[in-house]
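The two complexes that follow have subunit A in common; it is paired with subunit B in the first and with subunit C in the second.
Here is the complex of A and B:
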């Protein structure tokens, strides 16, 4: 971390064009990047951390392609990706492992960004979509339109409706908008339990052979993904990830408190509602492609904040760390020595639960809960 | 403001003779409701039987088809009665000793602890059968201690902290259970319905296994009513009145975990019965724990068996596991509990 380049002309312009950074006690962290007429504040440590995390994501996707009995050896990988190589290699990469790896990246990023949005809006790490029942709601919606009333609506629409209903119930139940994260958490646990019950009701209507597969999806699983899943998650990510980026500055100001944000000309309620809508869509998209994977949305933004040491929602960092968590967790789930196949969601739930317990003890040692 | 708050703040309602007569009559009504649900549980199912046939099959069983059907529904119904009462009373005790309106053996990870212990025991020792209870109860107690420790932090437990640490521990334990069951197809077949909570298809010796434990636990809970009333007045007042807050808590926790462990061993981790029933009962009895426990023993089975009967009707020709129905009926009571606890959350 170097000192601020006070003499740079960009910073002088930025000071005029944008409100001051919300954390002036973080000296030297922020530089400003100028692209044409856009002036973007950037944090050198954050950029380095994000770059390293991106490399790690790529490395783990490559590992996913090369590891195992059917894996394509590293030297052959480029030629197989460019269309050469044997039929088996081609099949392994394009029908099996690449879609799976890409879905892991996309879903992880979507969950990370969604988590960052909700944690920012509720100003509490516990306001994550997985804890307040949003993932469960999306899963219930998807199950409703695929198993209970098949063909009524496409699965993504069902997931979106389910997620929307869940968050509405939580907000109505808490009764004080986003200002009572603790109430949201408790109500969310109830909404999540009801959603899970509904999914289980839906599963009982499937045949016995399907049941184990459904049980795996219910925990969140990345097995047997195809290119449809890849397109679903990346189109959602492209549109709504961008929206999240555009909203992040407003969210950062809203985090300072309604009055301060209003004074700076931010329409707080509008920003909040737009952000929540984006967060619901991203979480629902992730649930559609890989089931209600637990705790990635809780952990990724927290990890991102700690690693980049920056305030504010940090959408990009949260997304990259979400992708990293998912790809690494899926690798571990596939190649752990104890059993043949483990749904990745089981692994994230186990680790995430431990993290949640640690977070709880930490938070109330600091007296913030 | 409301009964739950009364319990928290230690206000007890006047208990004159008129009120006592009223509550006694109410208890008889509640028991009548239990009898009605029991009859429904014996008659409703894929083979619908009229209540007169049920009565006939019970008093003078013969070789007829109806008698066989009724006999097959008896263990399930007995399980429902025992587990409903056990879970409701366990929830009441936990709400009393933690003075927390959100306490429930399912929410606070106690049932998950029992389940994880049973699944782990099955992996190590093979099929547990009737011995399941000896693994489940220590598992339940261990989980309760861990959840309480994490939920207490430095400044003592609050409702939200306990619920959250319960959620965290439940997540970890359920992930462990899923990891084991999904990777061992044989274990999965055994636990597929149990892990959701189901009264159906449980072997009939399960009833023999849990009834002595549950009955002893229920009697102990009735005896704890007076100390719990004292405890509700606050630790200092309780001490001034000659009560021993620490001992009451420990006994209450023991009885609650034994009940929750036994019930989980029998039918799997069922949540929200222990939350919903005490909240319903408080609107009738107020916060006197002697009446609360008695009413819970009567009305817990009404909720659980009622949910089981509903599960048999809504998913015809199959049936819905009772744990799924209770989650649907019981989860909204979190909302009630949050609203009742007012600004405390």
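Here is the complex of A and C:
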């Protein structure tokens, strides 16, 4: 024991006696942001990383507006955005590229946050919504109400129900709920496969032209997005992203185990249920606007954690990295030289698959799977 | 304590404390504790004396950790009541309880990549609100807790990089940062080698000397007898004996509780009772 001392003074007295001035030898990983009476802990590295990632997101959206034959040149962009410019330029920006870019940002952020929530709740990087069948369930729900029983319910409601049913099945199948994350992963893969089978069944019942569109959506596609999609995802983000932020402190403590969190005064069961509900809604919203895009929810929180080097779910960082992955992937998908119409989901699945394989190998070696 | 619901089927009448004794910080009556359908403890009464270092001992599966969980309200009793300073713990706000009572579980999980300072800081949660997530007193409490546990030098290390003994001191620092008068520790020395066990128990003794009431579940009877001021011996979900180490640690009690035949001698170092198991045939040679 390095610091062997005699009877330590009572903490309470010492706390009062110690001057609250920050000490120079206290270079915390955590600093504190004070705005009036609001005091929030923040991590300097995390703030810098998030700021850089935000700039990168903006840069890739701008690139999406300016690149290509129909792209608006950078010097003209501001005037076009403020309503001037030619009719063609206006049409390209407002009817095509801006909604597409914004949907990419919103859906990426929603998936990143949803992934952070589920990875935190399951204490396992594999516990993300795309692996445990949530995205598949949402896709099946959307397909059910649009193709199999058209007009039964609006597509977003169908996606939400599908996602909710999928996660309920996973929880029931895993038996002990969130206490056996590895079982959730295995059962989730099964539920996801069943959901996709249902979607394929739905596709077989549709006419050919509709089926092609459906196939693109199923891979996850950002082509032909409109402002309805933009509003859908950003309203979902504003409401449920905020909820995720409010829940993140509780989730952080639940990561230490239920007993430790309960002892600190966290209502673990309530926090977890609320967080899962928020995660389901965010993932379903992303699926509604661009299909079950794979692996963004898996990779974004992991990337965020590594880059910010901080513990805890890190909702903001996960969201920003989700947006970044999505916008960059969509850029690459649009301007790669091999195929004229590569859905972004194919690209994320390709890259994410490699990451998943690496992660599985790692987890296998650690014995956590 | 005027109208306590009489625990059904609990024959033991509530013990009336001597008028001069300070009120028990934790008092439980008629506890029935169960996991799903499996009842571990039924009809149990217990008082934790104020200012004591109480150690709960007993064979594996006797319900000692279960009892500790109920006292620390991380397990809700199926029947009976737990009172914290005279108020029903279930009627209190969660954070309010956490400001008076800290519990260190048997195997808490250190989140990936967390630093020592951040982990200790999490002990301050009960004092924080959504708008005020950190204050000067939080910083001071974290600093003091790290100093008291000798973990100041580790502040910026990751918990996952630490040795078992260091890690346990960090977890104790976390519950110390909670700044409570009452500390519940569930087998704090398990998985540690003997030097680190002594290390952790010395730390507990210092926290006790500083004025806290400690309740710990321990496996090692001799360490329990050496450090405890009050012992509770359990078997099959019942309290067999409680009192000072000398009262509890008799050869008859040890045989009744653990089924181990032994002699009790005075610890040459501390004068506390020391269990010496009778030699088996092989050992006797």
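Here is the rule we use: the second predicted complex is superposed on the first by the 336 of 369 C-alpha atoms of A that agree within 3 Å, B and C clash if a C-alpha of one lies under 4 Å from a C-alpha of the other, contacts with A are read in each partner's own complex, and residues count from 1 in each chain.
In the analysis below, contacts are C-beta pairs under 8 Å (C-beta built on N, C-alpha and C of every residue); 3 or more make two chains touch, one makes a residue touch a chain.
Note that the coordinates shown come from a computational prediction; the quantities given were computed from them, not determined experimentally.
Of the two partner chains placed by superposition, only subunit C is touched by A:265; subunit B is not.
Of the two partner chains placed by superposition, only subunit B is touched by A:342; subunit C is not. In the superposition on chain A, A:257 makes contact with subunit C only, not with subunit B. Touch criterion met: A:305 reaches subunit C, while subunit B stays clear of it. Judged by the touch definition given at the top, the superposed model places A:123 against subunit C, while subunit B stays out of reach. In the superposed model, A:185 makes contact with subunit B only, not with subunit C. In the superposed model, A:71 makes contact with neither subunit B nor subunit C.
Shared interface residues of subunit A, touching subunit B in one complex and subunit C in the other, do not exist. The residues of subunit B lying in touch with subunit A in their complex are 102, 107, 150-151, 153-155, 159-161, 163-165, 167-172, 174-176, 178-179, 182-185, 188, 192, 196, 271-272, 315, 318-321, 323-325, 327-328, 331-335, 337-339, 345. The part of subunit A that touches subunit C in the complex is made up of residues 1-12, 14-15, 18, 20, 22-23, 26-30, 32, 37-41, 123, 246, 249, 252-253, 255-260, 262-267, 305, 309-312.
The part of subunit C that touches subunit A in the complex is made up of residues 69, 72-74, 93-99, 102-105, 107-115, 117-118, 121-123, 125-126, 130-137, 139-141, 143-145, 147-153, 156, 169, 175-179, 199, 202-203, 206-207, 209-212. Every residue of subunit A that touches subunit B in the complex is listed here, in rising order: 126, 131, 173-175, 180, 182-183, 185-187, 189-191, 193-194, 196-198, 200-201, 204-205, 211-212, 215-216, 219, 294-295, 338-343, 346-347, 349-350, 352-354, 356-357, 360-361, 364-365, 367, 369.
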